[in-house]
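First chain A sits with chain B, and in the next complex the same chain sits with chain C.
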Partner chain A sequence: MRDEADQEPVTPDEVDLDLELTGDLVPLFVITKGRALPPAHQFSHTTLVTAKKDAHAARQLSPEARSVLDLVADGYLSVAEVAGYTHLPLGVVRILLAQMEESDLLVVRNPVPSAERPDRELLSAVLDGLKTRFGA
Partner chain B sequence: MSQDVLVWCLVAIAVIAVATVVVLIRRTRALGVNKRRSEAALNEQLGALQSQLSVSHAELQQFKNAQQSVISEAERTSEESTKAVLKGAARFLQSLAAEQTTLLDDIQRRYGGHSVLSDLLEVHHANAQMARKAQGIAVMCGAPVGRRNKPASVYDVVRSAQGQIRNFQRIEIMQQSGIALKATAVAPVALAVAELLDNAASFSQHDAPIEVTFQRVQNNLCIVIDDAGVGMNDEDRQKATALLSGDSVPQLSQLGNQPKFGFPVIGLIAGQYGFRVDVTGVSRYGGVRAVVLLPEELWTVEETPPPAEEGDAPISIHRGEGQARAASRTTHGLPKRGSRQAPIAGVPSPAGATAEPVAPAAPRPIRRSSGSSLGALQRGTLSGRDLDAPSPEGAEDA
Partner chain C sequence: MYLDPDVSHAVKILIVGHFGVGKTTCIGSISEIEPLQTEEEITEASEGFDDLSRTPDKVTTTVAMDFGRLTLSESLVLYLFGTPGQERFKEMWESLSRGALGALVLVDPERLQESFSILDLVERFGLTYAIGVNRFDGTTDYPLDEVREALNLAAETPVVACDVRDQQSSAQALITLVQHLMTTLG
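Up next, the complex of A and B:
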C-alpha cells in the first residue's frame, strides 16, 4: 500500500515541471464573440433592461447570455446590477446586452438624464458681479 | 595374285585404322582425366575465392551497419538536444503566456467598465493564440500540456479552444451538452480541438462556417467539427491518419520552414491522454469532418440539467407587487429583484427626502475602479429598496 503510494508520483519531476493554467478557461473575448463595446451612451450603468416575454424561448444563447436573460426575466434591472450579479465585467455585460437587444430579446429603458446643474463658477461670477454692483 | 595383294592391303589398312582408333581413344581418356583434374582444382579455387568474397561482403555490411548506427545515433542526439533546447524555450514562452493570461484576466476585470476593455479583449485573443503555439511546440518536444485542475463542460472546453485560433467568430457550437470533461482532460482536449479548428479554418474560405456538434456514441463522446473547405485526397488522408494515430512522429527537422505542428501534436497528446482523432470523414458541406473521440474515462455527465425550469417562472406576477420577494433566487442562488413600476434611476423626487448621507448612486460616476463603484451602486440600490421611503437620495449634496 505504502509502496504504491510512494510509487504513485513516478514522475515527480514532470509534475513539478507541469505548468498550471490558472487563467479563465473561457476567455472573455469568446464570451463577447469578439464584438466591440456599444457606444458609451448605450447601456450605461443605470440603463434598465428586462427580457421580452418570449425571450426565454430563444435558442443558441451562450450560458452567460442565458444567465443574464434569466436575471432580467422577471422585471427591470439596471445594467450595473446585472454585472454585479453575473460577476462579469461591466463592459462584457454591455456587449452581451447589446447583442441581445439586436436579437430582439430585451426591452431597454434608458435612464432619465439628471437635470443639469448650473455652473458653479458662473453663479459665483454672477454673485461677485452683484456684490460689486450693489455692494454687500 | 592381285587379289591377295588387295586383301593384304586392306588388312594393313584395317590394322592401321584400329591402331589409330586405339591411340585416339587413349588420348581422349587422358585428356578427360586431365580436364577433370584441372576443373576440380579450379572449382576449389573458385570456392575459396567465393568464401573470401562473402567474408568481405559481411565485413563491408558490418562496417555499413556500424556507420549507419553511428549516423542515426548522431541524428538522434542532435534531435534530442534540439528538442531539449526548444523545449526549454517553449516552456518559457508557455509559462509567460500563462502568466500574461492571468494578468489579462485580472486587468479585464479591473477595467471592465472602461472603454479600454475592447482593446484588452483583442490583446487577450492574440495572447491566447501565442499560448497555443507555445503549447504545441512544447508538446512536440516532449513536454506535457499545461494542466487545469477543475473539470469543465465540454462546451466550455470547445469555447476555450475556439479562443485559441484567429478567426474564431466563424466557429459555431451548435448545442450545449450536459457533459463535463474531467480536469486532466480539459487542457489536452482543448489544445487538440484548437489545432483541429485551426486546420479547419485555414483550409476553408474566410467566411465559411465551421460547425461543432457533440454526439454520444455508445460509451464515447464525439466532438464533431465540420468545415466547408477543400476535402483531402487519399494520400493526405493516409498521412493524416498516420500522424493522428501517433504511429509516425516526424522529427523536428522534417517539419520544414513553415512547420506544421498541428497533426503531430494532436497525435502525441491523443496518445498520452487516451483519446482518438479522425479526420477521414466528409462533412456535410463537402469539407473535412474531424471527430475527437473521447472514451468515458475522460468525461462525466453533469448533474445540473440545462436551465429549463426557468422558462416556467411566473412572469405575470410582477405587475401588482413590486416588493414581492417570492421566487427571488436565480439558478445560481443569487437574489433576484422583483419587478418595479418605476425606474430606479432618474431625477430624485423632491418629496420625502430621508437622510441618506452617502448616496452611493452618486451623480458623477467615478471612473477609477468600476468594481468598487459597481458594488457601491448595488449596495445603494439594495439598501434603497429596503427602505420604504420612495427616494433613497438625500436632498442635500455638496
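Up next, the complex of A and C:
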C-alpha cells in the first residue's frame, strides 16, 4: 500500500479506479447498456426461450446479445442453459433476453408451476417420467 | 442440446447440501446433458472481510452453480440445481426456491452437524424435502434411524441411503422425494 502521507488528495478518478478492482461491475454494465434486471419472475432459471424465425435479421445487437440469439436460433433452451453455454453471468443473460423480447425477437415459455404449490397432475407426470426413464 | 420443440412445461428440483457432499456428482450421474454452470452475482455484507475500513457495506461476489437436465416426456423437462447451502447465498435461494417442486438434501453421515444450517434454509424457504444419506468410499451404510434422530427430522420426512455416483441410486432418491411431495398435497 502507498504511504498515506505522500498521497495527493483523493480525486474522483482515483476512487473509480479503486472500485474497479472489486469486481466485474463495469464491463457488465457496458454489456447490458446500464439496464436494470427484469422482475424476479421474468426470465427465471427455467424459463424456456428460442429465437423467432426472422430474429437473425435483427440489427444493432451487441456481440453478447448476438451470441445469445445465435445460441437459441435452432431450438428451445432454458435461461440457465443460455448462461451456461455463453459463460455470461445469469443477470446479464436475463437483461439481454428481456431486451430481445421487447424487440420481438423471442418466443418465451414460462416455467410451471406458476402457483405457489405444484398440483397432483404435474407431480404425477414428473414421477411417471422418472420411473419410465430409469426403469424404477 | 436443444429441448424437444413440444416441451412446454419446465420444472425444477433443488439438490442441496454442504460443500463436498456430492451435489455435482449426483447431478452428473442423472443429467442428460453434461452438467453446466451458471455464474450469479450476489451481494453480501462485507462483515468478515479483512479490511473493513476500505470496503463498502455490501460487496458483490460471483457464485458458480451446477445444474443438469432431464427430459421426462414430450412436454415436460426437469432441471436439477445444485444449490450451495451457505446462509450468505440466500439471495440465490430466493430465486431458486420460487416455483421449485422440492429439495433433495444430501447429507454426509460423518458430518451431520454441517447440515443443520442447510435444513434451516430449506425450511425457511418453505421447500418440502427428502434426505439422501450419501455413501462415501470406504464407509459402511449408516443406520438411517440415527441420521433421522440426529437431524431431528419430522416423522414423515423420507430418509434414503444413496450413492450419488450411481445413476439408479440417485434416481431412486429423486423418486422418493417426488412420492413424498405427492403425499404432502393431502
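What we mean here is this: the second predicted complex is superposed on the first by the 87 of 136 C-alpha atoms of A that agree within 3 Å, B and C clash if a C-alpha of one lies under 4 Å from a C-alpha of the other, contacts with A are read in each partner's own complex, and residues count from 1 in each chain.
In this section, contacts are C-beta pairs under 8 Å (C-beta built on N, C-alpha and C of every residue); 3 or more make two chains touch, one makes a residue touch a chain.
As the structure is a computational prediction, the values presented were derived from the model and not from experiment.
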Chain B versus chain C as contact partner of A:111, first or second or both or neither: both
Chain B versus chain C as contact partner of A:30, first or second or both or neither: first
Partner chain(s) touched by A:41 [first = chain B, second = chain C, both, neither]: second
Contacts of A:53 with chain B and chain C, given as first, second, both or neither: first
Which superposed partner A:127 touches (first chain B, second chain C, both, neither): second
Footprint overlap on chain A, where chain B in one structure and chain C in the other make contact: 18, 22-25, 28, 40, 45-46, 48, 74-78, 80-81, 83-85, 88-91, 109, 111-112, 114
Touching residues on chain B, where the partner in the complex is chain A: 91, 94-95, 98, 101-102, 104-105, 108-109, 111-115, 117-118, 121-122, 124-125, 128, 143-144, 146-150, 152, 155-157, 159-160, 162-163, 168-169, 176, 186-187, 190, 307, 310-311, 313, 315, 317-318, 327, 330-332, 334, 336-340, 343-347, 361, 363, 365, 370, 374-375, 377-378, 381
Residue ranges of chain C in contact with chain A within the complex: 1-3, 5, 7-12, 30, 33, 36-41, 54-55, 59-62, 67, 69-73, 76-79, 81, 94-96, 98-99, 101, 167-168, 171-172, 174-175, 178-179, 181-182, 185
Residue ranges of chain A touching chain C (in the complex, touch as defined): 18, 22-25, 28, 40-41, 44-48, 74-78, 80-81, 83-85, 87-91, 109, 111-114, 117-120, 122-134, 136
Chain A residues within the chain B interface of the complex: 14, 17-34, 36-37, 40, 45-46, 48, 50, 53, 56-57, 62-63, 66-67, 70-71, 73-78, 80-81, 83-85, 88-92, 109, 111-112, 114-115
